[in-house]
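Right after this note come the structures.
In the two assemblies presented below, chain A is common to both, partnered first by chain B and then by chain C.
For the complex of A and B:
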């Protein structure tokens, strides 16, 4: 059971997430050849002075709704994310809440892709729906497996259940699948096709200025939140020797994020037309088998 | 005011650059690309995220239309410069940055650029008049120079709904005003001045919208000057037609074929220089392919090695930087998994269409063609300092035989429509990148047999 968080945590949450997203973006920039850590900041400033633009017959409110929904969904999902043993709200159905907020991103990207009335951005929208179809099934099974292991949908209970052994150790398949889907749900890294450069930015192709900042930073936020959620689900949350809980959470989150950012540079973008086969033929049965093993263990406990 | 100018200075310290490369300007493109990397200025994927439009190569009046559309699609603050020669490229970039800061660019460009008044006006008439959408009165017809961005820019919208009209969909595929005549072809109703898309059966027999989308000539990691007229359903290509934008004919041989063309004209060309050029040409194609495949890290490395090769580093040094790159790409199972089976081009078919380069040797899919590049890069990197001169019999350039009845890239363009039909958008881009036709070849004054300048 986690302790209730103070009220100011509600205000602190978006700021902390933004800081974390900023740090990850800077780390990613530093890994590039000749790049500097200050670049994401400069990039944000550059977009900030840019005027908005509009394409003909665009549905502007729809586009704005879509691009704004993305960071909102990320922050809402993070409400159940514990720092140490405290989250802003440890809902009894925290895992379901997280998944529901993450699914809002589907709507966000689709609306952003549809709104500008532009082919390339529409293709970006299509791509994310295809991506959703591919990653969501194994993803749901993976997070269900973690909930099954703890016999609770409350994130705090999942963390408590890992006081002894991390779920990542005895549910490795579910952990691996979760990491893949964390990348896919934030359409980042090898799953960045919905905003791919080959479609001139895909769903973001027609966004400029503030709209673009909101959308792209929303993507970084979602990436950070999705990756950070693997810590309470599979890596024991705040459990660990010597250090306080919050420090363990931060450390583990940083390691997961650093791994994902590093791994991104080693592989090309995965196209859904190929990935969907892997997801449905290999990952889904694997996730079912993993859930079965966990269920048997839980029943015999 | 002080704060505002400092803010603007910081914000435009790294302007997003949209490169509009004209055919025949490979030398200038390579220089500008390297310069942008050195400065750390990002290359924008499209007009929306750009500040600075850099036109590379000599301008012709015929292409003003697409350059103009591109320009209108870029939101303010923006500037436009032309890098027409390597020597002037650095100065052009500096001027672009200065124009961004001063804010004088819009007027400057509007009045003084090569755009002749007629084209300019015609363009705006087309853009504005059929636009009944009173969206917000935020723009008037007069402020288009300074607020091109807010214009609904026929562009994106056009490409989506409009049959044979144009758009930037792809950042301007406009080849002239001819296409406007096709407005009458549509009887599907009109939205915001744009005809609705027609429908047709897709590959599963569903009736879906068919969008006519011009792809190119300005698109990130795209062969300069190429325009593909695609018929898309969803993101599946149902039909593709190849076009080239008009380009001035020059006496300067195309950069990548230069050594072989010179040799066949009787000049003495060192074998090492030819190997170096071949190595750099394939590294350039490889960098483009990897960027399209979404492997930015490897793409940046390929381009870095390419620049080193062109800078003339010794063969041993070049080999030592080529080998790890090649090994990394060859060993990538993900790349194999993602590109195997795409764009299969059997060698009989390739031969029949006159293909003579790596695409013929590969006798297979996208991945096979990349592997052929890798082999040739490795071999030619070792030969960079080879003694001797190129014989009259050495005629095989990076894209095939330079002495044939057909230009090597003409054959590659002929292959494209067949390979693209039925491919998904991302696959189509990979197929184009794996063939990487070089449209510079068409700009040379005396090729053996020249294709039509414009279809």
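For the complex of A and C:
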């Protein structure tokens, strides 16, 4: 069982997440060619002093709503994320909550792409919707498989069920699919076409100034939260020898994030029609088969 | 506290529901409807139906997003960029709405509601799952298949290219000729 967190954790959570996202962005910049660790800060300062741009007949409220909803959804999803054995709120249906907040982020990207009344950003937004369908299904099935293994939708119970064997060990397919689709749901790394260079920044193409900072940092937040959620789901959460729970959570999260950032630098952008077909034809049936195996194991337990 | 939150969410749900028909933009109407449905999800959370509330939030968000995709496929104003109206046949619709409202309100006020028997279950989600997946399993499975068949049928009807375009008139082409190659080597 997870212990209840103190009230100040509600205020601390966004700050901790922002710090983590900042650190990951800096690490990513260090790996990139010719960039320094200070790049995220300099970019943010540059955007703050930038002249804001407006497009003709833009739907400003919807654009603002979309770009603000992205970080808000990421922070709300992190409410059920345990540090060690404590999360801000260990809802009985935490796993469904996490997924629902990810879906909100999905809608947010479409809003941001649609709002500015601009072709390229509209293409970016619609890309994410069409691809998101292919990402969301295996993603949902992978998350469900972990819940099935623990026979509970509570994140704390999923962590407890991994006191012995990590879910990543006996549900490797679900773990792999989760990592892939976590990258895809935060449209980051090899899956960055919704905000890709070929459409001049896609959904983010027309954003400038503070809107752009909010949207892009929201994407980093979402990426960090989605990657960090793989630790309680598949990597045993805070379980581990010697070190306390929070240290294990931090360590495992850092390893997952470092791996994903490193992989991003090794893998080029995946062509979307290829991955989408792979997701529908291979990953979705694979995720169903994995869920079936877990269900049989659980029934025979 | 709970009552205030319930009232606020209810008011917001009704207002954003009305705004669906006031906005002249597809995107605003869609997300106004989503706001309304999210408020309904919040109401369920307040009533202690945690699972149903969160699932409503999840399903409705995805549903509205998918609606935007279908909008591209089926609407005459695909991107939703042009002004449009959500109301058609205004006089007829007003009469129908009025009658429906009067009937429902009369039903609410006049029906002999039964008094509550027993207590609410400790875990409403479990009870709901048992009642849906226990005696009603067959209904749910049939319903699921029917919905799925409808989706597949609409997509099949909407595609311009059929199997004859892909595999030739005698369906004997060794490889499908698709405008875009897929990711599993076909």
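Convention: the second predicted complex is superposed on the first by the 301 of 301 C-alpha atoms of A that agree within 3 Å, B and C clash if a C-alpha of one lies under 4 Å from a C-alpha of the other, contacts with A are read in each partner's own complex, and residues count from 1 in each chain.
Going forward, contacts are C-beta pairs under 8 Å (C-beta built on N, C-alpha and C of every residue); 3 or more make two chains touch, one makes a residue touch a chain.
Just so it is clear, the structure is predicted and the values come from calculations on it, not from any experiment.
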- Item | First, second, both or neither for A:212, with chain B first and chain C second | first
- Query: Does chain B (first) or chain C (second) touch A:152, or do both, or does neither?
  - Reply: neither
- Tell me which partner A:193 touches in the superposition: chain B (first), chain C (second), both or neither. first
- For A:39, select first, second, both or neither according to whether it touches chain B, chain C, the two together, or no partner. first
- Touching partner for A:122 - first (chain B), second (chain C), both, neither: both
- Message: Contact-wise, after the overlay, does A:97 reach chain B, chain C, both or neither (first, second, both, neither)?
- Response: second
- Could you figure out whether chain B or chain C reaches more residues of chain A? B
- Task: Mind working out whether A:26 is in touch with chain B, chain C, both or neither, as first, second, both or neither?
- Result: neither
- Mind working out whether A:274 is in touch with chain B, chain C, both or neither, as first, second, both or neither? both
- Considering each complex separately, which residues of chain A are in contact with chain B in the first and with chain C in the second? 117, 122, 126, 271, 273-274
- In the complex, the residues of chain C that touch chain A are 25, 27-28, 31, 34, 50-51, 54-55, 57-58, 61-62, 64-66, 68-69, 72, 79-81, 125, 180-184
- Message: Under the stated contact criterion, what part of chain B meets chain A in this complex?
- Response: 7-8, 10-16, 37-38, 40, 42, 45-46, 48-49, 51, 73, 75-77, 131, 133, 135, 147, 149-161, 167-171, 191-194, 211, 213, 219-221, 232, 234-235, 290-298, 300-301, 304, 332, 334-335, 337-338, 424-427, 429
- Task: Name, in rising order, each residue of chain A that touches chain B in their complex.
- Result: 32-36, 39, 42-43, 45-58, 60, 116-123, 126-127, 190, 192-193, 196-201, 204-209, 212, 265-271, 273-274
- What residues on chain A touch chain C, complex-wise? 59, 62, 65, 91-93, 96-97, 99-100, 103-104, 106-107, 110-111, 114-115, 117, 122, 126, 129-130, 132-133, 136, 153, 271, 273-278, 281-282
